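Starting off with a structure, shown below.
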Amino acid sequence: MDTALKKPSASLTKNVLFIPALIAGAGFACFIFFAATAHPEKAWLAYLTNFLFFTALSAGGLLFSTLMHFTKARWSHGLAAVAEAFAAFFPVSFVLFLLLFIGQGHVFPWMGQDLHGKGVWLNVPFLCIRDGIAFLILYFFGFAYLYNSLKIRLKNAGKETRLKHFLLGLFERNPHDPERIRRRMTVLAGWYMFAFALVFALTGFDLVMSMDPHWYSTLFGAYTFIKAIYAGFGAIILLAALVHLNPHTQFTLSSDRLRDMSTLFFGFSIVWGDFFYSQFVVIWYGNIPEETAYIIERTMTAPWRGLAWTVFIACFILPFIILLSRKIKESPWCMIIVSSCVLAGLWIEHFLLLGPCFLDPDPGHLPIGIRDLIITIGFLALLIFFLLFYFKEFPECLENTSEREVQWK
Amino acid sequence: MSQLTFETINTTVLNTLTRPGKIYWGIIALLFAGVVLGASCWAYQIFMGVGVAGMNTPVHWGTYLINFVFWVGIAHSGTLISAILFLFRAGWRNPIARAAETMTVFAVCIAGLFPFIHLGRVWLVFYMLPIPNQRTLWPNFQSPLIFDVIAISTYLTVSSLFWYTGLIPDLAIIRDRSQGMRKKIFTILSLGWSGKTGQWLNYTRGYMLFAGLATPLVISVHSVVSWDFALSVIPGWHTTIFAPYFVAGAIHSGLAMVLTLSIPLRKIFKYEPLITMDVLESIAKTIVFTGIIVGFSYGTEVFISWYSQNIIEMETFRWRAFGHYAPEYWIMVICNTIIPLLFLIKRFRTRTIWLFVISIFVNIGMWFERFVIIAGSVAHDFLPNAWGHYRPTLIEGGIMLGAFCLFFFLFLLFVKHLPSVSMTEMKEMIHKTE
Amino acid sequence: MSTDAIIITGLFKTQKETLTAIEKIQANGWEVTEVHSPIPSQDIARALDRKKSRVGWFTLTGGIIGFVSGFALAVFTATRWNLIVSGKPILSWIPFFVIAFECTILFAVLGNVLGILTQVGLPDPDYEKNYSAACSGELYGIEVASPPADVDSLKDLLHLTGSLNQLRKTK
């Protein structure tokens, strides 16, 4: 998955949204064609992988802002503004979640199987309702937090667009002093993070782990949300670095801030590695066939073995070694490459966990094909569309805020 | 805090190092008596055999392992505060970092005693070391118990070195303000530190690297301890969530112990301007966070035990909640997850009496968590005719009491002879806010 | 610096005063040989043009040695007694990784300590030279070298910049 994007310059204004929209449309069309072939589960696998990956990424992105606000960190004000843009993907993500059930026969391999009592939990109506409510709660807290955050950021904004008109109107009708808004944000940030952990644990169990209904791992839920945070932080670095390098935006990222963010990212690569190893060592060592079958298929048999090693190298080995260097952590170009590499690895990891449940074993061929790539690029274009939309609507977020921001030393 | 200056920090801390009074020595004597009691129980066990403890089939790991995990857990939050919060640049760590680090060093020492105590033939402990020997045997490095040996020794070495390195500038302060024998001792201990710019440059770099190394160490050590259990196949032990669950639980109990120690310390030494209520509140808030993680882990384990539809897993968790050790289980759940939620209410986290009481409850809960996991899982595993119970004996109780007394004994000795608040870090903290 | 240079140490109350004093002293041509401070300061280090710390290299070397040693220890001991234990291969990298990890940290820390001791220059039996006890507590001490002839003007300058106390020591 190639994430070295060619961003159109912002002077195209209205046209800037056209290209991602077009690509997203192409991806969608490809998906429809793919789903209409003899192997619709391959199309749905690509859909599910992308849905999970981009949802995790966007929720993890907003988590950065909530985390920094909740812990009263002072170094991240500008980055938090960029992080909040990822909330623009939430409504799309919810629609995509609902659309997932169109292909329910193909998305859930356990349908029709004898689940030995798990049917109480693993049935489509219950799963749809509980996960739907979970996402709604998460997005509710996310938007409530964002609403209050924008109240502060858009203090001096003009009502140029309809959305802004509506939003600023709401702000005017409910004025509050900044201190009260910040206290509210702290409470909402806490609820968002709590919901984030529970929702991603739940959806990790429901939409990934249960695809192989006879396997289970208690750490899987926590592993899912750690992945989401890791992906979110990588996406923030990628986005912030790209916006910084774009000459048409005011936004600048000082090397200190980038280094701090990259250090946090480095820390999370170790956390991800630790969670991965914790699952792996326990299952490997216990050597119980009920548990090891899942791991063996994904890490020790072809064709999945190659993907597993790619994931491990891209998500842990490379970032660990490369991010030891201070200079690399401060360079936007280097961080673009490193975070793209990690995000690609995490995408492959999502695919790897789901793939063997959907596809028949075929040692000779790489399971990821051109059609998967096109659908992925389509989803990516969808994300970019909404990010650009957010920045077009709220260019104030990309201003250099001088208050509370420590500039160049 | 704006009334603090370099001078007041120095005097406040140095005043604590004056000649202690009778009450102090009385308490020290009492604690020492407790230590002697523990040591006597241990000596009795060495002569009579491990059978005087309550371990037997099926529960062959009892309070010795429970205390081992408990004390390693306590040690962890010391490193969290001194190393991890240092990396996050959380200023509220500075007043308590020294006491927390010291707690770590002593807690690891005591934790390290327990595998030793648990050995029936204590004189054969050298079997665990990888040295060439007549038996032509080497330790099996694939075993999680040997992981423990390496991990705990590493943790002990690293925490002690970290603690000592952090002390050096403070030791120089004491050296410069004492006379005679004391000056001689502190001159040697402070290694001739004189605060030169080059010294500080290298020192701060080294300290940051220490913090950066101690952080993965903390996580790995308690993960290794959790793998003592998780790498088995016993239901209730063999579960992937153990590593982060134990680490979070360790920090939970350790932070509670920090509160237990620092609240009396603060009162007796008049540290209120240094260890402000903000600091204690921040600890309380972090306890809420770790409590939530622990609660999440409890919930996940129960859910997955049902989801697995594996009758043995389901029975293990049903029995935990409603079987012979149900009281211990519910103490665990209430003390670890429900009671800390009181800290969400401002009144409970800003009054020292509540902070102290709740911290005691959390530690009781965490001790019982280890009991439920360690003794409870093995008591009721695969075969019904192998099910049994475990009851600790008086000897085990005596040793446990001795361990607690040893910890407080060492800590009390420390607070009167070495600076219990890091003067240097306090000065850095007020300098930053100037 | 000539062998008969005299070191005057001026004591200052705050970091800001210290920094302005250093500037003035250096502007007047004297060499600031050392500054003693109660807390670390990046600004003073920059004013004195101190090089970056090399402690990290000691740590990295220690870490690499530890990583290799950890695996080496585990592999060596496993191969001495070629029995399969509980179905695991004799050389199994997954558990050996734990040993290697712990040894990496251990040796990195030992390297770190070695680096700190050597680079910081501890133990230092001569620490009392040109040192005032107040520097560990609350004052900053600036050591300036000067040929004997200029000592009085240096003392005046120090006094002018706010020095509270002055010590005179021959080098």
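Labels for the chains are A, B and C, by order of writing; each one numbers its residues from 1.
We adopt the following convention: a contact is a pair of C-beta atoms (placed from the backbone, for glycine too) under 8 Å apart; a residue touches a chain by one contact, two chains touch by 3 or more.
No experiment lies behind these values; they were computed from the predicted model shown.
Chain centroids computed from C-alpha atoms place B closest to the centre of all protein C-alpha atoms shown.
Chain centres here are means of the Cα atoms, and by that rule the chain farthest away from chain B is A. One inter-chain figure worth recording: chain A and chain B are separated by 36 Å, centre to centre, where each centre is the mean of the chain's CA atoms. In whole angstrom, the spacing between the mean C-alpha positions of chain A and chain C is 43.
Distance from the chain B centre to the chain C centre is 30 Å, each centre being the mean of its Cα atoms. Looking at chain B, one finds that residues 144, 216, 220, 227 touch two or more other chains. Taken residue by residue, chain A touches two or more other chains at 281, 285, whereas all remaining positions touch fewer. Counting only residues that touch two or more partner chains, chain C has 88, 95, 98. Within the complex, the chain A residues that touch chain B are 71, 115-118, 121, 194, 197-198, 201, 205, 216-222, 270, 274-275, 278-279, 281-283, 285-286, 288, 290. Contacts from chain B toward chain C in the complex involve residues 5-7, 10, 130, 136-142, 144, 146-147, 150-151, 153-154, 157-158, 161-162, 165, 168-169, 172-173, 175-177, 191-206, 209-210, 213, 216-217, 220, 224, 227, 424, 427-428, 431. Interface of chain B with chain A (complex): residues 88, 90, 144, 216, 219-220, 223, 227, 230-233, 238-244, 292, 296-297, 300-301, 303-304, 307-310. Looking at the complex, you find that chain A touches chain C at residues 277, 280-281, 284-285, 287.
By the touch criterion given at the top, residues 15, 34-41, 44-45, 48, 50, 52-56, 59, 73-74, 76-78, 80-81, 85, 88, 92, 95-96, 98-99, 101-103, 105-106, 108-110, 112-113, 115-116, 119-128, 131, 133-138 of chain C touch chain B in their complex.
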